[in-house]
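By written order: A, B, C and D. Residues from 1 in each chain.
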Amino acid sequence: MIAGACTVRVRYSDTDAMRVAHHTRHVAWFEVGRTELLRAAGYPYERLEGEGIGLPVIDMTLRFRAAARYDDLLRIETKVADATPVLVTFEYAIRRPTDDRLLATGRTDHAAVDMAFRRVRLPQSVRDVLTGEGFFDTAGAPC
Amino acid sequence: MIAGACTVRVRYSDTDAMRVAHHTRHVAWFEVGRTELLRAAGYPYERLEGEGIGLPVIDMTLRFRAAARYDDLLRIETKVADATPVLVTFEYAIRRPTDDRLLATGRTDHAAVDMAFRRVRLPQSVRDVLTGEGFFDTAGAPC
Amino acid sequence: MIAGACTVRVRYSDTDAMRVAHHTRHVAWFEVGRTELLRAAGYPYERLEGEGIGLPVIDMTLRFRAAARYDDLLRIETKVADATPVLVTFEYAIRRPTDDRLLATGRTDHAAVDMAFRRVRLPQSVRDVLTGEGFFDTAGAPC
Amino acid sequence: MIAGACTVRVRYSDTDAMRVAHHTRHVAWFEVGRTELLRAAGYPYERLEGEGIGLPVIDMTLRFRAAARYDDLLRIETKVADATPVLVTFEYAIRRPTDDRLLATGRTDHAAVDMAFRRVRLPQSVRDVLTGEGFFDTAGAPC
């Protein structure tokens, strides 16, 4: 299965009154992680949507271990944990390289659906990408 | 021209590291203000979209006078300032009733477009609603 | 244990390109649910923070069953599932009353911490509120 | 006065039901623009906050010229337009390099305040940076 890593910055608009990143942001960063992984592996999510297929989250777990602070650069590690014809599972870890702290981990399950949210089967071409080999590190690029 | 008021609560997810509402939230609250005004006046924005017409913001000004804090209940006052066949302008004031402070004011201009973002003319039925009379206070309802 | 319900509206700013509420929003609505429950039960979260205690999320699960659409009024049902001196667990269900659909369910675990994120014990007064009896329905009020 | 450019990606969580970036996001991208400019010029905003000084937005204008779409890479151009001892003004342009379209322009005015939101004077060291010379292009880096 493919895996990869990318980098996000904690923006001021990501923070809350505790002066740390609000926990909704980790959910958005997971989305950034899988988006950049798919792009790096050669099958951008935009292309999948162009083929009339979406991958909405149907189940999600997150564990928060330490707070992300304003202006932190975070490394989002993402891997495909499972990919059947109808379901894809990603796993994530969010780390802060400056002190090598693991900040959060999680998992998202996604159903393949058409644009009317009816369940469909994933094209074999996508499954081949998801179940391929390779580690894609785009940590130096904007995302 | 119609005018109205509704109420929003400052959520924890609206705050930032200064312990006040982030300034992006006022932009979202203006949107709540005009949405609730249109609904109260009898022409929900959802109905307009159902007719294939959108009203994206093309120009916006905001002035921030005092900070909104976590858990504040805010009164969003909205009025139609202009409504031509192709352009609608709303004006806003955000107040905190508990100390009668004016927190922010602003204005948004909106173009009438179809779902492909091409300029269109507004139906007369919508213009009649926008240019009608009435003050719609929904400050006690969820929004 | 206490339980309650409140109402949120799906705002345009909550939607995404699939024309449904983005899944980060359910996380924010869970926060609204527990905030309104604590307020209705007589111990607003703001008061807890005023005493130097926070309840950050340390673990979270969400299951998405059906999409929430623009302008839907949603009922957020929240209950305290567990409350020890150092940990509080809430459970949630998000329903759309107009068609009685269950849209999402979830759970959040919270650690009691001071403002420097060190673990502390919850005051007995808060635990008494959390473990009390009562169903608090504020579904008609802004939140 | 200093100026610079950085790059952001339109995330799925930035889009709305019109399948374009919601207009609140441009406000957040302006913040990214000035943050990266200050960092590149050698005076990170985090350092300013560490000295007890904030620069909240007190006035803002935005003009939207064309829609930003999902997955677009956007170039945020930011420049200091004015910097007095008590007020700083930034100007912005958001462009899409792939088709060289200008998507949005704007301006934000910021007051220098202490952490209790009382007006203060900016340290001369910050003013020297703001009124210095230089164009800082960090368009290839994460932000």
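As a convention for this text, a contact is a pair of C-beta atoms (placed from the backbone, for glycine too) under 8 Å apart; a residue touches a chain by one contact, two chains touch by 3 or more.
Keep in mind it's a predicted model, so treat the numbers as computed, not measured.
Enquirer: So which has more C-beta pairs touching, B-C or A-B?
Expert: Higher contact count goes to B-C.
Enquirer: Would you identify the chain whose Cα-based centre sits farthest away from the centre of chain B?
Expert: Using the mean of the C-alpha atoms as each chain's centre, the farthest one from chain B is A.
Enquirer: Measure off the straight-line distance from the CA centroid of chain B to the CA centroid of chain C, and report it in whole Å.
Expert: So the centroids are 26 Å from each other.
Enquirer: With chain centres taken as the means of their Cα atoms, state the distance from chain B to chain D in Å.
Expert: One centre to the other, that is 25 Å.
Enquirer: Using mean CA coordinates as chain centres, what's the chain A-chain B distance in Å?
Expert: 33
Enquirer: Which residues of chain A are in contact with two or more other chains?
Expert: If we look for residues of chain A contacting two or more partner chains, we find 12-13, 17, 24, 28, 49, 70.
Enquirer: List the residues on chain B that touch chain C in their complex, please.
Expert: These residues of chain B touch chain C: 6-9, 11-13, 28, 31-32, 35, 44-46, 49, 70-71, 73, 139-143.
Enquirer: Which bits of chain D are touching chain C when the two form their complex?
Expert: Residue list for chain D touching chain C: 12-13, 15-17, 19, 22, 24, 70.
Enquirer: Across the complex, what residues on chain D touch chain B?
Expert: It comes out as residues 17-18, 20, 23-24, 27-28, 49, 54, 56-65, 67, 115, 117.
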